[in-house]
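Per-chain numbering from 1; labels A, B, C and D assigned in written order.
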């Protein structure tokens, strides 16, 4: 496959993360052509130029449509705020580019549906930026489940907690506006849902409880404003194969920084994982004598693919940014027409449908069967 | 206060635990008269005699009513299987004895109500055997909450998991019969509820999902029998003061042995606890510089009352049986008319009402307001 | 065997611990006659009386020789400060009593030798109070080593750390006087040595470095006094079978409360243990696939004898005081002429000889072969 | 500063790691010119070409001297096996290039001395590849020590353990030959020494015990060959300021994968760190109430510089390869004449002198004062 020409829109948290991935993917994996970093777009022209120089892009623009029109660009990374995803991704797909879009697809479900429609009619690859599923630990857990290492799974719990909204004295900002979405459900629940999909398939039915730890927050210039969405979400779930589950998300959870804690229980064992210690997982099985059974803390290592592409020694540790490099490698595989471990717009839409169903189940105080509506 | 005369009915897991508590309470605390171990009842006469000798009781009987009639007995420990609690406790109360009854009160709510009525009309002390609330770690957490160490609590999660029902090949036994109760809700949920009560007050509303990891189990003599209750319970809760919560219980959770994991989130910090490491808890607060904030793992120590009564050195560790000694000390305080940290029949009944409400919320697929019924 | 008559000298930290053990041993184990608590001695007559009542002893005295003369006393627990051990233990042995003496035997090696001589000529059982070796976790580790679970052991590290001397502003007290002993070596090293003996046999050769974190300490009434011994000891060791080892002890180690951390490396695996989490240990073996190898955290459980005598459920946890109950059961076994897992005066003396050799190796700056030197 | 021209010699484990660092340093830090990847050398010509393409280098060669002669190359990364370091680094320095050399400098101390001499006479920057000191956790620990967060340090322990030599059935290979060096001392001790230097300064005096877990190993074609060096090293140390220390290294430690465990004790607290969980450290201080003191587990975060250059969110985790990017940034600072946190050839030589002193202290069975010789 010839080298792909890359366009990157956005240079914030995720923009930089994509830039690093495009810079590293060939050096890390060695089995793909080194991408050509062609075009970078950023609203501020000066910032666009300096970031292009830092990130190694050949050209810079403050007009993202110019990037999409660039014939040397084959793939567009969309890393702008959520409300811009639909417009940019659709334009890119219509221009015949492959798209790598940060999650979620769009605040409004109808926009997300239009994105999927655009992807389908374009025939191009359209993949979401769900990086946590790429962790070698998670991919190994998936293979352990496949081979029955813990028997038949019957119960799962997943928690995602951070504390960036935990301070009640922090001024009101847009993330507490209803217009920004449901709160923890949008910000967080999609990540656990991506992991659940990866391990079990899509959630079937839900009932959620949303909670608001702080009724209002101070305004910068005095006074207070009511919080309009919910920092805490707790959800009972039914998953494929009769698996029962609980999903919990809290963006006001003091002490939690990047927690995504997973507990998977099966008929022959169980598995634990926490993103805050992303280079390890815990496995309990009923193999061997009962007197030596216990959770084994397994450090990721070259056996856990594709850890070996980064480091040949076990227990040395990947970082958060490395997950995006793996995701990038999967995207390139998809573009080459190979099987890829990635969440495309089709599955991305289903994840967002689950989130909307959770919100509705809370409003209506009842279980919602997601595919029934 | 003069030495109390003790009667003990039952010599199994909890019977032995009570016996040890009665043997130790005076030596450990030093501020109560050493109880006189008067009478022990056990269905098998020979066993009754040998256990009386081992445990230090003066008399033994295979007829528990004789124990209740013994004028030297002031307090009766009821540690028999759940279905006998009501009859024995009521008889003891009617005979003017104080009662220390293992939880739960009774499988049928009406029986539990009769127990409370008997306690009320007797004027005697009637206390349930909820030992986990006695852990110095839990009691210190309670005092931290009281003094606002983590600000205003807004969210709580509690999980209780063990694996004694996790083996799908284990033969069907009575715990899978509907007659034995709801399953995990009865076996486990009462414990987390005791902790929640201790820290926050009684749960107000619930919606539960119950799950059955194994549809049937093998019979000893061939064939299989359908499982009639649920090993897994997941419950959304509303607690006093607008606190949202999740309670999870699983008695088929491979790898878990005595887990009761608590997460308490507040406006200024959070607290974690796990019964499997009962001699420590974790505290995160927003005090001090952000760059050094993290969960402090605090080992219980003489500062955490009444740890000091057992060991004068920090970090040396209490055991499960020691909690019953503390509970025993609280019972003696209650009998002496002092304030006691214990769950009496009144609060015990409310806990069991919560359990029944959970089961009903599952059957009806809706939230139940517990006090509304 | 008929019920033993018990005499207890001392009612402090260890006195209470022995009292609890004598109260519990029969109820816990069920296979020994309940001891008769005959006589308690304590320097203060009033305290002696009140403690006797609390602990359940029939008689009290402020003259320990009267206790030793009591014909109903069969066994004497010696729990007084170290400098009294020799006189009391020897008197008890000469009076034909069995002796259970808290460690160490005596500050002066010659006194310890006299204690052993007295034990030998008496023909009575004389056992030291090394409780940590009684932990079911440690006993199970011993059996794992015996069966070769981690192959041939080649390296061991053991650390014992607490922080009761860590505060440089705490006033000078007797533990910093040379007359009280070497410091960390006396206070702590004997415990790791008891574990090493239990697992591997006695240390053969050593070289130590002793360190003094604080040159002097404040006096109560102003001024400062030079510290005369060493709070920190670091020792290189050679153990039987070519095992190399390191022993570290620090009684000024801020943050450590009751740490005794053990690392045992063998040709097929390794084992970790820490007394601060005394109800678990960690096992790594090369069995099975490399991709699932990791340290298993094993919670103690009824498989790990004699945990089952205390609690029938796994993972519920023993406490520090429970270890003394097990030790008491071993003492009773020894008195009955059965094999016992205990450190008698013979092995106790060899442990203290090791400590003296460590101190000498530091003074002379060279390796000391313990049995040669 | 203009963009540096980079030459890379070697494309193995560390060669790839350097390549990633050179690719990332500008995108991550944003404050340095993006380096030009000019020339790559690798013994095999074909491999050289393909790696150059993957890593983004403009030219490739199988003759490293050609790379050193390349006028566009400003800095040479030396990542070949240890025995080639001296020749390559000296040639590069003599050609006026800056040098970034993987550790250790050279197997023979005289070669390392020649490297330092070459660096001095060249006036160029010559830095060793000690990456662990670059971890934001370690750098923050350094600043905590500087500000007295744990008072005056008095004791330190450091352990480095892996299990790549732990299998006794693995065939004999060059790492067991005396010609390859001392064993664990060479392979491992330099890393802990780099951390000790970073935190406290160079070790002053040592006495070591070296051990050989396996006397011989199987040969590929039958028979066995004696192991000629030592997989295990245990060292007592004296550090600047009267700090006592212990350094332990074991490359046959089953279960350990990338462990570098550090314990630092001071007069007001202590700090713990383990490279296997490189995104956290533990801090205990005596600040606040004793009843809430415990080790705080602090996840690295944007406060801990330069974590923020990689990820704006706390607790998301850096990886092993990211440390090399930070090291690269420090090298560029040094080249620009700014203060840099790096180990130059001068300090690198002193570290290797310490290792040779350890080996000698073992041979002679006595303490060695390193600077005295």
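A few comments on the model shown:
Just so it is clear, contacts are C-beta pairs under 8 Å (C-beta built on N, C-alpha and C of every residue); 3 or more make two chains touch, one makes a residue touch a chain.
These numbers come from a predicted model, not from an experiment.
Chain centres here are C-alpha means, and the one lying farthest from subunit B is D. With B-C and B-D as the two chain pairs, more C-beta contacts join B-C. Distance between subunit B and subunit D, defined via averaged C-alpha coordinates, is recorded as 53 Å. Subunit C and subunit D have Cα centroids lying 41 Å from one another.
With centres defined as mean CA coordinates, subunit C is found 34 Å away from subunit B. In subunit C, the positions touching at least two other chains are 256, 280, 293-295, 299, 301. Note for the complex: subunit B touches subunit D at residues 140, 144, 149, 280, 282-283, 287-288, 290-299, 301, 303-304. The touching residues of subunit C, when paired with subunit B in their complex, are 13, 16, 19-20, 23-24, 26-28, 30, 34, 50-51, 53-56, 162, 164, 256-259, 276-280, 299, 301, 310-322. Chain contact summary for the complex, subunit D toward subunit C: residues 150-151, 154-155, 157, 159, 166-168, 207, 209, 211, 213-214, 232, 234, 236, 238, 242, 244-246, 248, 250, 252-256, 265-270, 284-286, 293-295, 365-367.
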